[in-house]
Amino acid sequence: ETPTTATSEGPAASAAQNQSAGPGCARSKTGYPQIDLKGAVVGFSQSEKEANPFRTAETQSIRDEAAKRGAELLYTNAQSDLNKQISDIKSLIDRGAKLLIVAPLNSDGLQPAFDAAKAKQVPVVTIDRKVSSQPCTDYLTFIGSDFVEQGKRAAQQMIKATGGTGKIAILLGASGNNVTVDRTKGFKDGIAGTPGLTVVAEQTGEFDRSKGQAVMEQLIQSNPDITAVYAENDEMGVGAVTALKAAGKQPGKDVKIVSVDGTRNAVQLLVDGSYTGVVESNPRFGPLAFDTLEKFGKGDEIPNTIVISDDEYDSTNAAQKLANAY
Amino acid sequence: MTQTTQAPTKTAVGSAAARTRWLQDNGVYVAVGVLLLFNALFTANFLTLGNFTTQLVQAAPVLIVALGMALVIGTEGVDLSVGAVMALAAAIIPLYLGAGPLVAITMALVVGLLAGAFNGFLVARVGIQPIVATLALLVGGRGLALVIADGQLVQLHDETFLALGTGDVAGIPVSVLIAGLLALVIAGLTNRTTFGRQLVAIGGNRKAATLAGLPVNRVLIGVYAITGVLAAIAGVLATSRLAASDPADMGLLMELSAITAVVVGGTPLTGGKVRVLGTVFGVILMQLVRATLIKHNLPDSIAQMIQAAIIIAAVYVARERR
Amino acid sequence: MTATLTKATPTMAARTKVLQRQGAAVALVLMVAVSWLVFPRFGSLDNLRDLALQGSFLAVIAIGMTFVIITGGIDLSVGSVYALGGVLAAWGSQYGFLVALALPLVVCGLIGLINGLLIARTNMAPFIVTLASLLFARGLLLVITDEGANTYQIPADSAFVELGRGTVFGFGYPIFVAAVLAVLGGMVLNRTNFGQNVFATGGAEQSAVLLGVPVAKTKVLVYTMSGTLAGLAGALTAAYLQSGVTVIGVGLELDAIAVVVIGGTLLTGGMGTVLGTVIGVGLIKVIQNVINQIGTLDSNYQSVVSGVFLLIVVVLQRILRR
Amino acid sequence: MPTEIPSSPVIEVAGVTKTFAGVQALRDVDFTLQRGEIHALVGENGAGKSTLIKVLTGIHTPDAGRITRDGHISTIYQEVNLVPLMSVSANLFLGREPRNRFGLIDRARRDADAAELLRGYGITADVSSPLGTLAVGEQQMVALARAVAAEADVVIMDEPTSSLEPREVETLLGVVQKLHEEGIAIIYVSHRMDELYRICDTVTVLRDGVNVHSGPLKELPRIELVSLMLGRSVKEIENHGTTAFGEDHHADAEPVLEATGLTSKPRINGVSVAIRPGEVVGLAGLLGSGRTETAKAIIGALPIDGGTVLVAGTPVPRTVKAATRAGISMLAEDRKTEGIIPNLSVRENIVLAALPRLSRFGVTSRSKQDRIVDTFIKRLRIKVSSPEQKVAELSGGNQQKVLLARWLCTEPRILLLDEPTRGIDVGAKAEVQALIDELAREGLAVLLISSELDELLDGADRLVVLRDGSVAGELEGDQLTREHVLKAIAAEVTDDSDHASTH
C-alpha cells in the first residue's frame, strides 16, 4: 500500500499491495512483545551464497535498510544447505535477534526453525519465497513476488513479441525447486489460450548460464525451427543468446527471448536489441521488510502476503530503465 | 563331506573369453558407435556439421580436464579439485584482462599450476590420501575464487580473448583444436616418456617404485601440477566461450564428469594404467549421451536414470576380470 | 635390564599410539574449549542441543560410510539416497508411522544392495557404481515428486513427526538414534565376525579370499547397510522437517567421507573406528557452528575457512601418525 | 594317534587342465593324496605347483578335469596371505573367534589364546599389534599356526620355509611331524631337497604343467629327482654341487662400499659393513636380526638415526634415488609388495630402474629396451610367453628373476641381494648363484642376505653375523663353517653353556 521511495539502489519499483483478503495479523493476536526497530537486533538468514545478482541485491538491500533505521543486523548464510538454515535461524535467535527476516532456501522444511522462533516470540518475515507453514502462527508474513504471475507476464510478453505463433523452447530452472515449478506453470497457463504457440522442448539449465548455453546449443541443432525461448532466469537467457549467436541466429529477432529476473546483463542485451523481454523479480526487500516489522511493532494488522511489485522491461523501456536493473 | 567338482567344457569357455576380452578393450568405441547409429536413425538433424561441431565444442573442456584426471588416476590418485581450479582460473581472467589476454591466460594457468602443485605436495610429501587432499581445495577453492571475484559474474568484452571460444582454424573450433593437441601430447607423455612410464609404475606399486629409485615425489607433484594446468586451460576456454567469468558455476561437478569419462574409457581407478584414447572416447560417449537425452526432450528424472544405466553398462563391459 | 626395556617400550609405544589414534578427539576437545572461551554463546544449552541434532543426521550416514570405507570402498550415493529416503518417508506418512519408517529403509536398502551386488560380483569400482546410483536415486526422487513439483507434507499431528521433533531433556530423538547406532556400529565392527570380515576385506582383499572370508557377502552387506542408514537419516530428517524436501543432500556424500577420514579411518581400507567418525562429525559441526558464531564472515569466505580447516585437520592427523 | 596308513585317498584329481591367458599352467594332471601321508610337490618355477594347489582348494576353477575332496583343507599359500593391518591375534582367529556369552568376540581371550598358541612356534611378539609389524618370517609362522590350528584333515604348505631361518625351519618341521602323527595328510611344496627327504613319504613332480612322476620319495635318488624336475639327464646335473658358487673372488684392496655405524632405532644399532669390488659379503643372522633393515638403511629406504654410507669414499645422500645413482641397487626381500609392479609387463618391470638411461630427453627408446630385455630373459632363462606378458602372471620364481634383471640392467657397482634365491627352483637357483659369482668376478661388490646357510657359506667370501640389530661377529676364510656361523648366530642361546664364542 505504501509505495516506498528511493532505496540505495536508485528508484525502486518496490511498491507493495495487500493481496490477502482474509484477516491480517496483529501483534495483539500473537501476544508478541513490542520492539522498537531503532537499536533492535534483527537477524537475517540468507539461503545461498551471494554469487548471483539477485542474492547480492537482496542482501545489500536488507543491510542498507538496517543501517538506515539504526537496527543491529545479524547475518547468516546457509550455503544452500537446508539443515544449516534451520540452525542458522536458531543461532540467530540464540544470539539475541528479536526480529527475523528469512530468505528461505525452500518452501518446505523450515518448520523447526519457525517453531523455535515462536517459542521465543520472535516475529519472522519471510522474503522472496513463500513457505508452506501457517502465516501469523508459524511466521508473520511473506513478502515476495508471485512466481506464477511472473510466468504469466512472461507469457504475455511472449505472445506480444511473437504475434501469437511460434515454437518455444523452455529453459527450466533447477529440478525440484518451487520457483521452477511456479514459473513453468504460470508460463504454460499464460500461453494456453494461444494455440499458435507450442512448446517444443523443455530442458533444465539449472539456473546456470553455461548450462543454459549448452542446452540451447543442443536444442537449436535438433530443432532449428525454434522461434522463441522462455528462460526461467536471466542467466540462462543470456546463455541462450550466446548459443543462438554461435548457431548463426539473431536472438531478439529470429528467436525471441523472454526471461525472468531483471539483471543488468539481460536488460543490457535488451537495450542492444538481442533480447525480447524481461520480467523483473524484485530483490529489494529491505524497505518493505522493515516497514512491515515496524508496523507490526506498532500494533497494525499485517496482511498474510505482501506482494512486492515487479517491473517489466521490453524494447521500448529498457534503455531508460537500465539503471533500475541489478 | 566329499565334494566333487566337474569342470565345464573347455572350448566354449575359450572363445567366450576372447570375445569378452575384446569387448573389454574396445567397449567404449563400440558404445560410441552404437550411440552415433541410434542418433543418425532417430534424432532429427543429427547428421549435420554444425551438430558435430557443437558436440565437440561442448566436450572440449571436459576432455582437457579428463586428460589430467586420467594421469592422476593412473597414479592411483584422484583429483576432486579440478572444478574449483576451473573456477579459480575463471576468477583470475577479468583481473588481468586489462593487461591483455596473454597476461590474463598466463596468470590463470599459473594459478592452476600452483593449485595442482599444492595438491601434489599434499599427496606426495605430506602423504595425505588424494581424495581428502583435493577435497580441501574443492571446498575452499571455489570460495577463494568467489572471494577473488567478489562473488560476481563479470561480463567479458575483450575480442581476442573471446575468439578462443568462438574462433576457428580451418573450420575447426579453437577449443577443439587445443583439446585435440593436448590429447596427443598427453598420449605421447604417458606412452613415450620416462615420466609417463614412471607414473604408471608408481600407480601400480608405489612402494616398489620407491625402492626402484624412481623420483616418486617429483612425478606425483608433476602429475597433479599438470592436472591443475589442464583444469585451468579448461577454465579459460569455458570462460571465453561463455563470454563471462562465472566463478560460482564454472566447472561445477566437473570432477565427477571427468572421473566418469576416464573410467568409462577403460582406465581403472586402481591405478597403474592410463588409456588416453579411451578417455577421449569416454568423454565423447558421455557428451553424446547428454546430447541424445536433451534432443529427445526427456525430463530430468528419466535423463538422470538413463545416464546412470549407461555408466554402469559401459563400465561393466570394460571392467577388469578377476 | 633387557626385560625392563622390552616391557617399557610397548607401553610407551601404546601411549603414543593412543595419542595418534585420538588426534581428531584432541582436536575436537581443543576446538570446543577455545570456542567456549571465545564465543560465550557457543556453550549455551540451546546451541549444544542444536549442534548435536544437526550432527545426528550426518552421523547416521557416516556410520554406514565408515563400514564401506573400511572395506576399501566408497559410497557416493548417500546424499541422493538420503533425499530419496526423506521423500519416501513423507509420502509414506499418509499410511501411518510404520510405512513412513519402513518404506525408506527398504527402498534405500535395496539401492544399497544393488550397489553392493554390482561391486562385489562384477569387480566394478565402487566409486563409479555409487556415482551412477547417485544419479539414479536423484532421478527416482524426481519421478516420485513429479519433477520436484510435489513436496509431500507430513501432518503435524502424525506420530512420525514425533520421531524427528520429540525430545528428551531438550535433546531430539535423532540424537539418541544416532548414539545407539554408533554404539551398535562400534560393537558390530569390533566384536563380531562380520566386523572382522569388514577389516579383512579392506586390509587385503586377495588374502581375505584365501583366508576364507566371504568377501563378496561382506561387501554386499556394507553397501546395503550404508544405503539403509542413508535412508534412515532421510526419514529422520523428513520427520524433523515435517516434509519430504527434495533439494536436500546435495554434496552430502563429501561431508560424510570427510568426517570418516577426519575420524582416522583409512580411505584405502582395513582400518577405522566408528568412534572416530562420530568425533569427525563433531569437529565438522563445531567448525560450522563457530563460523556462524563469528557472524560477520562473508559467505564466500565461509567455504574458504571450511576448506582450510579440513586441510589443517588432515595434515595434523597425518603428522601425528608419523 | 599312531601313524597307520589307510589307503583311502583324501584328495583325488583326474585330468585337470588349467589355462591362463595363453599359458597352460596344468595339463591333464592326475594327482592323489592318501590319508596321513606327507606328499612332496616339486618342480621348476612355473611348473604349476601353486596353480595345482589353488585348483585343489577351489580358488581356481579348472578348465577340465575332476576333483574329489574328502575333508577340510587348510592352506598356507606361497606368498604370506594374511591381513597386515589387523592384529596378529585377529589374523590367527579370523573366522573362528572365541565368543563370550553374548555371542560377541571375546578379545581378551583371543589375545591370550593367540599368545599361548604362538609361543609354541617361538614367537613372542605382541599379539595385539598389527601383523604387518612382524618380519616376513614371523608372519609365515603365524600363517602356519593359523593353518594348523584350523583342525583340518589336509594341510597344504606352499613353500613354507622359503623365508624361515634354520631354527624356525626346525620348528616347522616339528609341527609337520606332529601333524603327521595325528594322521593329517600334508602336501608339502619346497625347493629345498634336504627338507623334502627328511619328512616326505611320496613325491609328485610337475614339469611344464604335466605330472611327470608320482611315487615314493625315499627310493628316488636325489639326483634323479632333480633330473625329473629339470627334464635334463642325470649326467648333466652331476656336474653341479649343492650350490653353483665358484671359488673365492679376488677382491680389490679398497672397499667400494663403506657403511658405518648404521642405526635405526629400534631395529638396528651401529651396524658397519664394508665391501670391496669383486667381493661377496654375506649377512647372516636369525629372523628379525636386522639384515633386511641393514640393506634398506644402506640404500636409503629406511630413515636412520645415525651412520654414514660411503661409495668409493664419497658420502651418499639418504634417498633411494641418490643411492641408485651412486651405483647401489637392492633386490628387495618381499617381491610382492616391494618388487614387482603387477600391472606392467615383464619388459617394463625390467627396464623400470634403468629408464632414464634408456631415454633421450625423457623420451624412451623402445628398441634399446627390447634389446636389454631380450638379453636378460635369455641370460636368466625367464619363462615368459612374451616380454609383454603381465608380470603378475608369472610364477614366483620367474618374478624373482625379473627383479634381478631389473637391477642388473642398471649396471650397479654395489648389489644388495635380500634373499635372491627365495622361492627359486633348483635349476634357476644354480643359475642365479652362478650369476652372482660371475658378477663378483666382473668386479661388482655384492651383499648377500640369505636364510640358507649353505648358500651363504659357499657364496660369500666373508660373513657378517648380526644379532639383535648389532654386528655379532665377522667370519672369514677357515672360519666359514657351519659350526662357527651357528655359534655366532646363536650366541645368546649358547652363552650359558660351555661352548666358546666365535671370536
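What to note about this one:
Going by the order they are written in, the chains are A, B, C and D; count residues from 1 in each one.
In the analysis below, contacts are C-beta pairs under 8 Å (C-beta built on N, C-alpha and C of every residue); 3 or more make two chains touch, one makes a residue touch a chain.
For reference, the UniProt names are B, C = Sugar ABC transporter permease; D = Sugar ABC transporter ATP-binding protein.
Given the structure is predicted, the values throughout are model-derived calculations rather than measurements.
Path length between chain B and chain D in the touching-chain graph (shortest route): 1. Common partners of chain A and chain C, by the touch rule above, are B. In this assembly, the chain whose C-alpha centre lies farthest from chain D is A. Here the spacing of chain B and chain C, counted between their Cα centres, is 29 Å. The distance from the centre of chain A to the centre of chain D, with each centre set as the mean of the Cα atoms, comes to 73 Å. Mean C-alpha positions place chain A and chain B at a centre distance of 36 Å. Rounded to whole angstrom units, the spacing between the C-alpha centres of chain C and chain D is 44. Those residues of chain C in touch with two or more other chains are numbered 141-142, 147, 266, 299-300, 302-303. For chain B, residues touching at least two other chains, in rising order: 146, 151, 300-301. Listed for chain A are residues 49-51, 175, each touching two or more other chains. Two chains count as a pair here when they touch; such pairs are A-B, A-C, B-C, B-D, C-D. On chain C, the positions that touch chain A within their shared complex are 41, 44, 46-47, 50-51, 54, 57, 141-142, 145, 147-149, 151, 153, 156, 165, 237, 240-248, 250, 288-289, 292-293, 295-296, 299-300, 302-303.
By the touch criterion stated above, chain C contacts chain B in their complex at residues 74, 118, 122-125, 127-129, 131-136, 138-143, 147, 254, 257-258, 261, 266-268, 298-308, 310-311, 314-315, 318-319. Partner chain C is touched in their complex by these residues of chain A: 46, 49-51, 74-77, 79-84, 86-88, 90-91, 94-95, 105-112, 115, 132, 174-178, 180-181.
Only residues 49-53, 56, 172, 175, 200-204, 208-211, 213-215, 217-219, 221-224, 235, 238-239, 242, 246-247, 265 of chain A touch chain B when the two sit together in their complex. Of all the residues in chain D, the ones that touch chain B in their complex are 16-17, 19, 58, 61-72, 299, 301, 320-321, 323-325, 330, 332, 337-344, 348, 352-353, 355-356, 359, 362-364, 406, 410.
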